[in-house]
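Next, two complexes with chain A in common: one pairs it with chain B, the other with chain C.
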Partner chain A sequence: MHSQKLFIGSHAPYFHNGNSVASKSYNIMFAALPAVGMGIYQYGIPALAVITFSISCAMLWELIMNIAMKRPISIGDGDAAAIGLILAMLLPATTPWWIVLTGTFLAIVIGKQIFGGLGCNPFNPVLVAFAILMLSWKNYLDFDAALLNYDLGFKMLYPLGALKHFGINAIGDFTSQGLLMGQQIGGIGASCGLGLIIGGLYLILRGYIRWEIVFSFLIGIFVTALLYNISDPDKYAAPMFHLLTGYTLIGAFFLATEDSSSPVNLVPMLLYGAGAGIFTVLIRNIGAFVDGVVLAVLIFNVANPLLDKIRPKALGKGI
Partner chain B sequence: MDGKIERILAYLIATIFLVVGVVCYAAFPNKAPEEPIRLMLQSSAGKILFDHKEHSSEAGYDLSCTDCHHNMEEDETPSSCGECHEPESEDPIKRSEAFHLQCKGCHDDSGSGPVECSECHVM
Partner chain C sequence: MIKRPFFGLIQARLKYPALIPDQPVAIKDIDLSSKIVLLYENKTGQQNVSRLKAGDKVKTGQRLELFENTSDYIISTATGEVKEISKHTGYFGRNYISITIARNPEDQWDENFKTAGQAGNYEDVIKFLGALPGEAGLSTLLSLNPAEHPPINKIVIKGIDNDLLVANNQTILRTQLDDLKNGIDILSEIMHTTDIIFVVPPALKTQLSELGVTVKTVKPKYPNHFPHMIMKNVLREIVPAGKSPGDSKTGFINAEAVAALGMAFRDREIPIYKILTVIKKDSSVVMVRARVGTPVKDILDTLGIELNHGDRLVLGGPMTGHAVYSEDLPVMYDTDAIMVQGKKQIILSTDTQCINCGECIRACPAKVPVNMLVRVLENGLYDDAADEYGLFSCIECGLCAYVCSARIPVLHFIMLGKHEYALLKNAEESNA
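Showing the complex of A and B:
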């Protein structure tokens, strides 16, 4: 889907490679399966309820908006379903149905349809919805409070919350290996690092997401966290901890890479990813919020049109 | 895929998932277990996460029920602290005071466990 070659014009007839918006959406959902599967395995039927309800509600909101705005029915392209799935992956397994219903409304109607639908949204619809939910009903989205009745055999404390509230001594029990294997509480599909990496690499290899954004985002987080860690190891967590906790990996592979709200040129993509990564750690380390991924990516969604002004020099210009 | 087939598939997915979602929500409501695992205590000075299981289990601190649930009869199901100790009451002592005496008192006596405000209270 992406090629390093510059645009090459040629005469018709053109060949269609068979790719479509629908195949992209279904591939994204397919790539999310390992992480989602782990979430359902850990949290059981309540997690399945949130995921299935979120996907169906997102599709219904899309259908309602299509009919209300007298536009062609677009739920067949799978984009609404993918938005519903990714939103559900961020939520705790105990999220009430009315938050899912409101969240999908915010994502599809406020985040996407009022801007004109697919490809016209300036922000990632999932992040718009999640940010509003996070600010409106923070107790329902506080993983420590939401998952009180679960005992999964590992330390049942949201790692980033523990770090923020109780300092570095509180995260001694978390190992990188455990975090990678999903031994942490969090969003239904956001806590199994290995599942997200497998899904993300599949999307990169199939060309559905841009590796430039993914890697610059992860490097931005790693380098910033490393600098903080070097400056005061007793206060700031190691970079691997930041890479494997919270929404880092789902943010890198599924959130920051959303087509319409991310840049398309090489340098802007690198700046966008790195900037969101840097802001993520800044919010986590010195900001008021426990996790910074959602707001950091949203901020760089805003910066996206500006960043995309940095373009390759036009052929012949400046001669 | 043809546009019409895609649309029919989408209707099918939306309907099936809606039914599955509603059934799962209705059949498996979030219910607290009889013996709590963890409790989130709300207070104006910030919420407190209390690990009930860690305090009561043999693998944890192995406290007996009556160590905290002080008015409990034998074979009786312990009642929650807030049932008697209300947020604003004189008799018995109000909830915050009861928790401070019970939690901090025990932590002080045993020489372990948090005693500073910020070690329990989270804004």
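Showing the complex of A and C:
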């Protein structure tokens, strides 16, 4: 029964629908392009520099860790590049190179690789990095200070900062339409609401992110903000303002949906999304920080393993 | 290969094939092999075949017993001379004895079955029908040995095959209605039950009106036609995790086997021809009728299918078959399909970890928390897998591995897990 021809042996099934980690990462990066493009258009070469440097560094750290940990080289799967890109999208265009270098180190090494790499990170690596940067070099990441030298023809105030420091009257100039079109300062890829929505819907339709998380997150923000707004319209901004400013949209489509740190079952996804949304507004309205997305999502990253225990009973169990 | 749709939010619906009603079904007969290989599953693990040796002459339809002290037997599907008796190891270490017969072109039928038939006693006849085309373990299935299996009081006849692209049962429905009708009558008599349900996809329902049995339709969405799913969706009965429908006193049988039963009684000849679906490299399909024991190579040669180094040869369908290493393996009673895949079509598994993308959760019909299950299985925590993560709820449909973003061989992990768990439990029992 021996022949020269050797056949591939493997276990069923012999079909695969073609999903891969790489196609997922590259599609996420592709979906980020409208928002990123707008950022580059607004802030010019410095923005482009931050983005490219961030992607390169992230990939480099990944490569170094692969070699150091004697694991297969995994930069081809695009995950590191996507992390680099999303981190850059959160940063102001003027971020110094060493912050980018440190940030990507934190994301790839501390956020991802020390937990075991792809799929093993309990927190969103981008958020881990960003939270540490935010606490360490607050001034560099303060948009009003960082983008002082820009004049883009609209109000050069970070909307959430204005709201926090100067109260509701300071944000009167921001219209929903303007915010949607990116007439606000902020992270390179985080301020153009329309671009983010287009990219996000693309990812949802193509099934690369879980829509349940996106919508529950946005609804969580909307409802909480609405309740505050109703309780005291002179003090708390309208829900649309919260939806279109800060990291809300990038958070909904690109941050909260990170696979490894978010739940996969229906009810947990809804709780996770809504919870992060509610916390975001709580932090913005009564907390110490200007924006709440980063911390709110991180908190719910922590809660994820617990939440994801709520799952349907497997077939034939418990009878 | 069925790819993920561009808009992946809408899950790929894997559909069973549907033969178009009123269109003739073409079946290609392949029956020229000069060599027939019979595989006997050696359940008792005895070493030396004592009752058959190379050089023995056998007749078609002859009942061959290989060992002393067991009632297991195999039916010779050809007339000729035994050339070789060797051992063969199959899926998960199953032991087989392989018997190669140099075949005479003319069939000489063994008369014992006919004689038994003329006496008109079912029990004597059934002694020859332990396996039927489409059902390798008929006697087990019908629990003809009540000491070993609980008696069956309900029978479900499957009008559609378990796996994708495979259309054997549908072909039978289209071409052998009379045999089916006969078979159903006999089945009902042997089993002393009239509780027989025929399950078909909606398109085939009208064909069955004359059969006089309850007909239920099930949408042709994979894996709706798995016995566990039929139990749940049609009979509204949930089979407890790790149990089989047989434990709930329901027997599942393929339409092909029922038709074969009908034929056996009509012709007084043991059915030895198996219908198979041959799936070519471009996923096109040919229906074939071949003698049980025909080497796969003969079928591929007749159809002009060439296999090269690095291709994949699968016995069975695309979701549940077994990849094999040799073209010399024969068609068996339950070989429903032969699938060949070219090197370029094969998407190999990787050793990437689970990225928690959740695709498997959306795909799994048994609500198994696959993302967690692969983690515990990878770490060999079989007890946890069984107790908490639904290892035994899995019905082995393979959808999780089909959609897995990380291309983890999920089903392989699961099967290994089930196997290891059983070994563990056995060891514990024998230690206790």
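Here is the rule we use: the second predicted complex is superposed on the first by the 303 of 319 C-alpha atoms of A that agree within 3 Å, B and C clash if a C-alpha of one lies under 4 Å from a C-alpha of the other, contacts with A are read in each partner's own complex, and residues count from 1 in each chain.
As a convention for this text, a contact is a pair of C-beta atoms (placed from the backbone, for glycine too) under 8 Å apart; a residue touches a chain by one contact, two chains touch by 3 or more.
Only a predicted model underlies this, so the values are computations on that prediction, with no experimental measurement involved.
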- When both complexes are superposed, which of chain B and chain C contacts more residues belonging to chain A? C
- Message: Quick check for you: in the superposed arrangement, does A:A49 touch first (chain B), second (chain C), both or neither?
- Response: first
- Where does A:K70 make contact in the superposed view: on chain B (first), on chain C (second), on both, or on neither? neither
- Touching partner for A:F15 - first (chain B), second (chain C), both, neither: second
- Task: For A:G78, decide between first (touching chain B), second (touching chain C), both and neither.
- Result: first
- chain B versus chain C as contact partner of A:G119, first or second or both or neither: second
- Task: Using the superposition on A, tell me which residues of chain A are in contact with chain B and, in the other complex, with chain C.
- Result: 20, 77
- Interface with chain A, chain C side, in the complex: residues 1-4, 6-12, 88, 164, 228, 232, 238-243, 307-314, 316, 318-329, 339, 341, 343, 346-349, 351-359, 361, 365-369, 371, 389-390, 392-393, 395, 398-399, 401-407, 409, 411-412, 415
- Query: In their complex, what parts of chain B are in touch with chain A?
  - Reply: 1, 3, 6-7, 9-11, 13-15, 17-18, 20-22, 24-25, 27-28, 30-33, 36-40, 47, 49, 53, 118-119, 122
- Per the touch rule, the chain A residues reaching chain C in their complex are 1-21, 24, 72, 77, 116-120, 204-208, 210-211, 259-260, 262, 264-265, 311-317, 319
- Along chain A, where are the residues that touch chain B in the complex? 20, 22-23, 44-46, 48-57, 59-60, 63, 73, 75-78, 81, 94, 97, 144-145, 148-151, 156-157, 161, 165-166
